[in-house]
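Several structures are given next for inspection.
Each of the two complexes below includes chain A, the first together with chain B, the second together with chain C.
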Partner chain A sequence: MTIEIKGLTVHYGDSQVLDRIDLVLPDRGMTALIGANGAGKTTLLRTLMGLVRPTAGEIIVDGRRMTGLDAEQRPALGLAMVPEGRRLFQGLSVHENLRMGAFARRDTVQIARDFERIYDQFPALVPLRRQLAGTLSGGQQQMCAVGRALMARPRYLLVDEMSLGLSPVVTEDLARTLSRIQETDGTSILVVEQDVELALDITNFGYVMETSRIVLSGPSDTLRANPKIREAYLGL
Partner chain B sequence: MITQTIVNGLLLGGLFGIASIGFSIVWGVMGVINLAHTAFITVGAYIAFSLFSTFGIDPLLSIPISIIALFILGYGIQTLIINRATQTNLLLSFVVTFGIDLIIINVVILLFTTDFFSVRPSYSGASFEIGGVVIPVVRVIVFALAFLLGLGCYLLLNRTRLGQAIMATALDRDIVRTMGVNPRRIYAIAAGLGAALAGAAGNLAAIIYPVSPFIGLKFIGAAFVVTVLGGIGSVEGCIIAGLLYGLIQALSASVFGVETQEISAFLIFILILLLRPQGLFGKRFFGEH
Partner chain C sequence: MMITRTHLALLGLVALTLAAMALPFLLDGYWLRLATTIAMFAIVTCGLNVIVGFAGYHAFGNTVFFGCGAYALSIAMNAGWSFSASLPLALLAPMLLAGLLGWPLLRLKGHYFAIATVALNLAFAELVTQAGGFTGGANGIALPLSDLAPQIAYRRIYWMMVAVLAVCIAVTWWLSRHWLGTALRALKDNESGAEVMGIDTVSAKILAWMISAAMTGLAGGIWAYWITFIEPSSAFDPLIGVKAYIMMLIGGMGTIAGPLIGALLLELFGALIWAQFLDLHRLLLGCLIVATALALPGGIVPLVRRALRPARPAR
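Here is the complex of A and B:
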């Protein structure tokens, strides 16, 4: 059970933003996708979720081709995303945001338990349950966004730029939570990160994107040791 | 005398509120200013009239029929026309919904001519008196039903899974898709809901006003003023702003004469907007995209 991406190509108008991407997301574990701004990382996640239509190539989730499957049908297959910029429903409360995360699910009893689980993972959200999401601090919003995605009980979780604009303490806290979820649920998590050090730290495998292509991939440890990566992304 | 005026205004205000909620929801959820909204009100009035004159069905009993018929009409128009034509372009939504308005009103004229009809159930002349204030029974019934429909709509939007999906779609129609919500379907449901409320309002209006192809036009000013005053997309705002609108109109008519009532309502509308542009009960973070 994996996500296989083969030759995925995306155009925005005339410009090509993804160029024959090949990538495998294993059925469990943490995978990193790193690269400079504008390399196409976010587009890749949005295409996986069905928000962007590819011009060529295919995405296969657990043996099923995604071609022609609308975005709103994909959560049922176990896909969830923590979007770039969090994109909470600002005018809804924290609790309502979490509930929206479980929209595609029908197992009411388990959903109730999952609320408790999210509040256990993020105790800071408990006193904020009834507060409008738009009034939270950046860190609280990111917890809510991660919690919302987890409420879908995804088998594949795509996390886009989680650390952006957050303090190192909050970022580390969130990263630990992701690792914990990964271990207990056996979720497969793909993290897209500007913070390359953090990304390679918490993942076991990584892909490097440069101008709409995958240029390098390998175990995270190997990538960390790679002189090119050290120079370009880790500033060493 | 002044008490009588206030009571009259508030009783009518309930109807103005319910006539505006659908307009407000459609505007708030999809950014479409639906100029066909008053045509939906007109259709509701004719449904009440037809069922009353043909089958003798009490206009209060025809409300569920108006609601269902208009829901289907609103849902269908949204799916077949508006979803295809526009979702975000306000100018285009004006043109398209104006066209739909013309078509509906002309079909009504074809079927019923431009004659005025009345719907008079047995209780239409009845009234009672409290402390010198005469209160017509019909208006109390209309007010109570308008309030109940408004309350039902509020609960639907704020307390149900579907309502939450509608609100979430209003806030971010892109990201809801990643949670399994189909925005086009939500838009169709919101449009159906808006039309259904307009149908109920028209049905109620038929008991109070003469039924003609222009009955809906009585509410075009109210729809704009009440929606913006109450805060776009806010059901509770609509109800309260509706009452306020009815009150202002009644007071103005009794103090300065009937011909000034629209002017006064719009003047106070402009005044309130200068002081509070988000409306009296505008919800935070809604309508910012």
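Here is the complex of A and C:
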């Protein structure tokens, strides 16, 4: 599944948050979107999911224009997001949260199998299935949030600031899980990360955002070798 | 066939309903009236629980559906319809109202929605008062009297209230396991999050409010038939909604048994205690709201549930 973004512009009130963004998220593989706080990365994801309306430009998914599609109609197209800060449904149990991920699906039999797959990927969630999501630790919540997004069987998974507030061990674990899912299911993944090193480590291609614009793009290895990136983001 | 928790729950509900149905043979007029009131308020609270407890939309003005149901039944009966032909109207008219007005109103959030529903209730009371003619205007409407002996009629009304209550509890229970109920609890937590999951939140909220309105309206319809005379100030009395709110808070928001437990406690409390302090009863009611919010923020049902569950071993 390919996502094409053309001239995407977003305003919050008078201030411009995205300025004529052009980018192509390739089919298959993992792509990184990196950049400082306030560059507009999260806004870009929220616009992709239909939570923010663009003032100009368009998003094309597999040749289909998304303009005018409400947020609730997008999961059926194969888009799912792991939002920044987990955003689990606190009053629902872990299992119910996962069930919500599959809300747009009607293939009951396959959903039951996918529950098992998620619990296989995240065995730590098994004893917690009936526990309220609000009572979980940060790492457990992040696993649940990734699991919830995977329950949608997305063709494109958007992951926003997965590492935020998590220990390096948990973060690495989740990153490995994402790579595994990408390989086994062929799910395309976009990672938005402040942990630039991690992001460039697990992806093949990257975009760099700075104050509302895409300023740089290229294969992840090339980006990592770029002196500007090394200085600004990797502290080398 | 295996006996599951579902079967046990259903069996419990049926047993409880039958037991409640037998009560009129044991109670005198005063206590039967109280029992009818309890069942009526439990229905109204069930209705409130669907939109507030599940969906998290604070419909302070839900009384509008009570009045709407009461007036729909009264107008139909005065037009010569039988009671059994009129009762469905007490369900359908409020449902229709919720469906039509929910479309714009349920896009409001938080306080704005709460205030809009209060305004809706006030507006309806005014509309009915000014309409005159078939609504009776400020003079109210008297309903045709039943041919039955009062004692028999009151028993039947009580039975009807209990039957409707049983159905409302069953519907709440069904909702708690159905995708709609889970979707409502999800959007209560995080509405845009629910949309990202593919939930059509506006439709889910409208459905919830229609269920809520149907329950509330039925209670209003039977109530009108019971007291045989209604007027705007009694049918659209905001205090009905306020009491239901307290009952829901006492019992436990979003729970299945909460509305019944809350109605039972508050009405019994009222009959036993504040009937002795007629001048102070609103003050006591206010104090009770404060005390409940402070001491029992989640209500009685979650408290009991926590007490019954064995302590979890530390992980």
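By our rule, the second predicted complex is superposed on the first by the 235 of 236 C-alpha atoms of A that agree within 3 Å, B and C clash if a C-alpha of one lies under 4 Å from a C-alpha of the other, contacts with A are read in each partner's own complex, and residues count from 1 in each chain.
As a convention for this text, a contact is a pair of C-beta atoms (placed from the backbone, for glycine too) under 8 Å apart; a residue touches a chain by one contact, two chains touch by 3 or more.
Just so you know, these numbers come straight off a predicted model, no measurement behind them.
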> With chain A superposed, do chain B and chain C clash or fit?
Replying inline: clash
> Of the partners chain B and chain C, which touch A:104 in the superposed model: first, second, both, neither?
Replying inline: both
>> One more residue to check, A:76. First (chain B), second (chain C), both or neither?
In response: both
> Thinking of the overlay built on chain A, is A:96 touched by chain B (first), by chain C (second), by both, or by neither?
Replying inline: both
> Of the partners chain B and chain C, which touch A:60 in the superposed model: first, second, both, neither?
Replying inline: neither
> Can you list the residues of chain A that meet both chain B and chain C?
Replying inline: 49-51, 70-76, 80-81, 83, 87, 89-92, 96, 99-101, 103-104, 148, 152
>> Quick check: in the complex, which residue numbers of chain B touch chain A?
In response: 161, 164-165, 167-168, 170-172, 174-182, 283-286, 288
> For the complex, which residues does chain A have touching chain B?
Replying inline: 49-51, 70-76, 79-81, 83, 87, 89-92, 96, 99-101, 103-104, 132, 134-135, 148, 152
> Considering the complex alone, what residue numbers of chain C touch chain A?
Replying inline: 179, 182-183, 185-186, 188-190, 192-201
> In the complex of these two chains, what residues of chain A are touching chain C?
Replying inline: 49-51, 70-76, 80-81, 83, 87, 89-92, 96, 99-101, 103-104, 148, 152
